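The following pair of complexes shares a single chain, subunit A, combined with subunit B in the former and subunit C in the latter.
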Partner chain A sequence: MGNPIIDLLTNTYFLEIVVFPGLTSIAILGALLGWLERKLTARVQLRIGPQYASPAGGILQMFADIIKLLFKEVTIPEGADTFFFIMAPVTALIIGAALLGLIPFAPGIQIANIQVGLPVFLAIVTLSPTLVLLAGWSANSKFPFIGGLRALFQQTAYEIPLWLSTLGVVMVAGTLSLTGIVQYQQNSGWLIVPQLLGALLFIITSTAEMERLPFDLPEAESEIMMGWQAEYPGPLFMLVQGPAFVKLYAFSALFTTLYLGGYLGPSPIPPILWFFAKTLLVIVLIMLFRSTFPRVRLDQLLRQGWTTLLTLSIINIIIAYFLVVGFPAI
Partner chain B sequence: MTDLVFLSLATVTIASSILALEARDLVYGAAALGIAFLGMAGLFFYLDAAYIGAFQIAVYIGAVVVLILFTVMLVGPQLGEPPLELKRLSLLAAILVSLLLGTAGAVSSASAFPGPDNCGSGCDLIGLSNALINQYGVQLEFLSLVLAAAVIGALTLAKTDRKTE
Partner chain C sequence: MVAQGIPEETGYILFLFAATIALVIVVRIVISPKDPRPTPEKRAPFESGQISSGAGRTRFIIQYYPYILMFVVYDVIAMFLFAWALNLRALGAAGTLPILVFMLVALPPLAYALHLANRRENW
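Up next, the complex of A and B:
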C-alpha cells in the first residue's frame, strides 16, 4: 500500500479518463483540429493560413488563440439568463467528451466498453439540440435565438436518418457494442463495402448534426452572424467552439469504428495508429466539404432530411435485411 | 458507495421533478424535466439496463423535452395559463387511456414478469427482444395504440386552434 495519491495517479482507469483517450488528449486534439481546419481551408482557397505561431506551419496558432481568449473580459448581454447562458456550453463540452469515452481506440483502450455502445452514443448526441436552443434563447438577443431554433429544426430532423443509417450496421454485424462491431469487421471485412449507402447517409447526417458546412445554418456567419454563438464573450466563446471540434473528432471516430474497421490494420503498425490515420482521413474529408459546398437553404435542408434521407435510410435497412437473410433467388 | 450513487441519482430525479412542476418560468420547468429524465436514465444505467437508459435519453430528452421547449418558445412563456374548458373530454380520454392500459396489464398475466431468480442467461438484449415480439406482441400493440391516440389528439388540438384564428 503506497501513497493514495500516487495510487490514484497510476491507476489505469484514472489515466484513461484524464490523459488518454480522455480529457487532456481531447483538448489538445481539438485545438490541433482547429489548426488543421484553418490550414486546410486556406490551402483549398490558395491562401497560406496560420503561419507565425510556430516554425511548423503555425501549428500552435490555436493554443495562442486560446490563451488570448482566456484573458478577455466576460460580458453577459443585458437581460440574458445567466444560468443557462453559461451552463449550456459547459454541458455541451462535457457531452462531447462523453462521446469519446465510448469509442474503442485500440484493443483494451476504451473507457466504457458497454454492450450497447452505439445507442448510448447516439442518445448522448440527442442531448445537444436542447442545449443549443437554451443557449440561443438565454442570450436574449435576436440572432442567437434564430440560430437556436434553426439548430433545433436541423438536429431533430437529421437525428432520425442518423439513427436509421447506423441500424444497417447493427443488423449486419448483429451487435450493438462498438467493440463487437469492430470484431465483426475483423472476420468479414470493412462494413463500408456492404453498407456503402449507410456510410454515405451517416456522413451526411453527421455533418448536419455537427452544424458544419454545407449544413451550418445555425451559425451561418453571413446571415445571422454565428447564430447562437453570437453573444458569447472571450472565454465562453472558446467553450462554445470547443464542442464543435470535439464532436467532429467523435463522429469521425464513430465513422471509423462503424465502417472503416476501427483499429484494424496490417500488424507492423500498431492498431492505435491505424485508428488515428483512418479518423484523420474522415476528418479531412468532412473539412473538405466545408471548402467545397455552398450552404443549403433551410427549406431544402428540411425537405431533404424528411424525405430523401429518410427514404434512403429505410432502403438501406432493406438492403441490410437482405444481407442478413440472403438475397432471394430469381 | 452503491447507496451513495443511488441516493444521489434519486435525489436529483425527485428534486428536479418537483422543480419541473413548481417552476414559475416554463423554460426552467422544461429544463428541470430534462434533468429529471436524465436522473431516470442514470438509474437505468446504474441497474445495468444501458439500452433502456439510452432510449430514455433519446426519446424523453431528445424528443419530448425538445418539443416542450420548442412549444414554450414558439408560444411565448406565459405565467399561469387558465385551465382549459375540456373537462368532460379529458375525463373521457382518461377513461379510454386507463382502459387501454388496463387491458394491456390484464393480458400480461401475473406470471408475465418473473422475479430475478428465473432470469438466467436469457435476460440479455436478444432475450428481451424475442420476448417483446413473440410473447408480448399484443401488449406492444396496445401501447402503440396509446401513442397513436396521443398523436391524433395533438393533431385535433392543432386543427381547432387554426380555426379560431
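Up next, the complex of A and C:
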C-alpha cells in the first residue's frame, strides 16, 4: 500500500465504473453518437450536417451543444411539480447508465457479471415509460401530458414481444447470464443464424422501446412538439436527451451480445474492437431506420404489436423449441 | 473491507461525483443568466404560440384502455415462460406438456380480447 490516490487510480473496479465501460466513456460515446446520428441523417437526406465545430466534419458539435445547454437559464413552467419535473430525467439517465453495467464488453471487462443479466436488463428498461409519464404529468402542460400517455400505450404494444423475442435465445443457450450466452456462441456459432426471426423482432421492439423513428410517438416533433420533452429548459433538456443515446448504445450492445457473438472474433484483432465494430454496425442500422421510415400511428402500432409481433414471437418460441428438443420423427 | 464501513475507493468516487456536480453548480451561479422577476408569459405552458388556456392536467379519453388491461394480465404470464425456457434441456418434451396446456388456456381469451379491442366502435 503506497499512496492511496495512486492505488485508487489503478484499481480495476474504480477504472471500470468511472472510466470504461462506466461513466466517462458513456458520456463521451453518447455525445459522439449524437454527432453520428445528425451527420448520418443529414447525409442520407442529401444535406451536410454539422460542419464547423471542428476540422473533421463537426465531430465536436455535440460537446459544444452540451456546454451551451448546461449554462442556459432554467425556466420551470407555472404549476409544474418541480421535484418530479427535475427528478424524472435524472432517474432516466441513471437507469440508462445502469444498463451498460450488465454488458460483457470483453472477457473480464464487465461491471456486474450476474447470473440473471438478461431479465435484469429488461426489467430495468421497463421502468422508463413510467418515468416518461411522470415527466409529462408533472409539467402541467398539454403536449407533455399527451406524450406521456402515448409512451404508456406504446409500452403495452412492444413489451411482451420484446421479452418473448429474447426467450428464444434463453431456450437455445440455456442460460440467463449474458456472459454465458456469449460463451455458448463460442462453441456453436452466432445465435443470429438459428434465431433470425427473434433477432428481427428484437430490433423492431427495441427500436420501439427506445422511442426512435418509426416509433417515436411520445416525442413526435411534427405532431406534439417533442411531446413529453416540450417544457424542459436548457440543462434539463440535455438530461432528457442523454438517455436516448445511452439507451441506443445499451440496446445495440445487448443485440451484439445476444445475436452477434458479443466480443468473439478472429484472434489478431482484440475482442473489445470486435465488440465495438459489431455494436457500431447495429447503431448505424437503427439510425438508418430514423432517416428512412415515416412515423406509424398509435393505433397501428398497438394493433400490429398485439397481433403480428406477438404471433411472430410465439412462432419464434416454437422454432427455438424444436431446435433444442429436436424435430419429431414423422 | 466491507466490515470497515464504506471502502476507501467508494469514498473517492463519491467525492469526485460530488465535486463535479458542485463545479457545474458554482460555474452556473457565476455565468448563467437569471431572471429575478419572470413575466407570466414566460412561465406559461407552451401551446404553439397561443395564449395557454385551462389546466395542463386535464381529463383525457383513454381510448386504448382494453390494451392496457390485456398488458396487465399477459405481461405477467410472459414472465412464467422464462422459468420453463431456462430448464428446457433438463425438462425435455415431457416437461413441455404443462406449459402447452397453460398456453392453450391463456391464448384463446387473448384472441377474444384482441377481437374486442381492435374494434373501432369500442374505443
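Throughout what follows, the second predicted complex is superposed on the first by the 325 of 330 C-alpha atoms of A that agree within 3 Å, B and C clash if a C-alpha of one lies under 4 Å from a C-alpha of the other, contacts with A are read in each partner's own complex, and residues count from 1 in each chain.
As a convention for this text, a contact is a pair of C-beta atoms (placed from the backbone, for glycine too) under 8 Å apart; a residue touches a chain by one contact, two chains touch by 3 or more.
A quick note: this is a predicted structure, and the numbers were derived from the prediction, not measured.
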* Partners on subunit A (subunit B, subunit C) - clash or fit -> fit
* To do: Have a look at where A:Met225 lands relative to subunit B and subunit C in the superposition and call it first, second, both or neither.
  => second
* Given the touch rule stated above, what does A:Glu159 touch, subunit B (first), subunit C (second), both, or neither? -> both
* To do: Put down the vertex angle at subunit A formed with subunit B and subunit C, C-alpha centres only, nearest 10°.
  => 30
* With the two complexes superposed on chain A, say which partner A:Leu149 touches: subunit B (first), subunit C (second), both, or neither. => both
* Look at A:Asp299 in the shared chain and tell me whether it touches subunit B only, subunit C only, both, or neither; answer first, second, both or neither. => second
* Asked: Of subunit B and subunit C, which one touches more residues of subunit A?
  -> C
* Could you tell me if A:Val324 is touching subunit B, subunit C, both of them or neither one (first, second, both, neither)? => second
* **Which of subunit B and subunit C A:Leu70 touches, first, second, both or neither** => second
* Regarding the shared-chain residue A:Leu200, is it in contact with subunit B (first), subunit C (second), both, or neither? -> neither
* Is A:Gly79 touching the first partner subunit B, the second partner subunit C, both, or neither of them? -> second
* To do: Would you sort A:Leu127 into first (subunit B), second (subunit C), both or neither based on which partner it touches?
  => first
* To do: Look across subunit B and subunit C in the superposition and give the shortest C-alpha distance you find, in Å.
  => 5
* Structure fact -> Overlap of the subunit B and subunit C interfaces on subunit A comprises residues 119, 137, 145, 149, 152, 156, 159, 163, 176
* Asked: Which positions of subunit B touch subunit A when the two form their complex?
  -> 27, 31, 34, 41, 50-51, 53-58, 61-63, 65-66, 69-70, 73, 124-125
* Where on subunit A is subunit C touching in the complex? -> 4-5, 8, 11, 13-14, 17-18, 70-73, 75-79, 119, 137, 139-146, 149, 152-153, 155-157, 159-160, 163-164, 167, 170-171, 174-176, 225, 230-231, 235, 298-299, 302-303, 306-307, 317, 321, 324-325
* Structure fact -> Residue positions on subunit A within touch of subunit B in the complex are 81, 84, 114-116, 119-120, 122-124, 126-127, 129-130, 133-134, 137, 145, 149, 152, 156, 159, 163, 176
* To do: Sort out for me which residues of subunit C touch subunit A in the complex.
  => 8-9, 12-13, 16, 24, 27-28, 31-35, 38, 40, 42-48, 52, 55-58, 60, 62, 64, 67-68, 70-71, 74-75, 78-79, 81-82, 85-86, 88-89, 92-93, 96, 114, 117-118
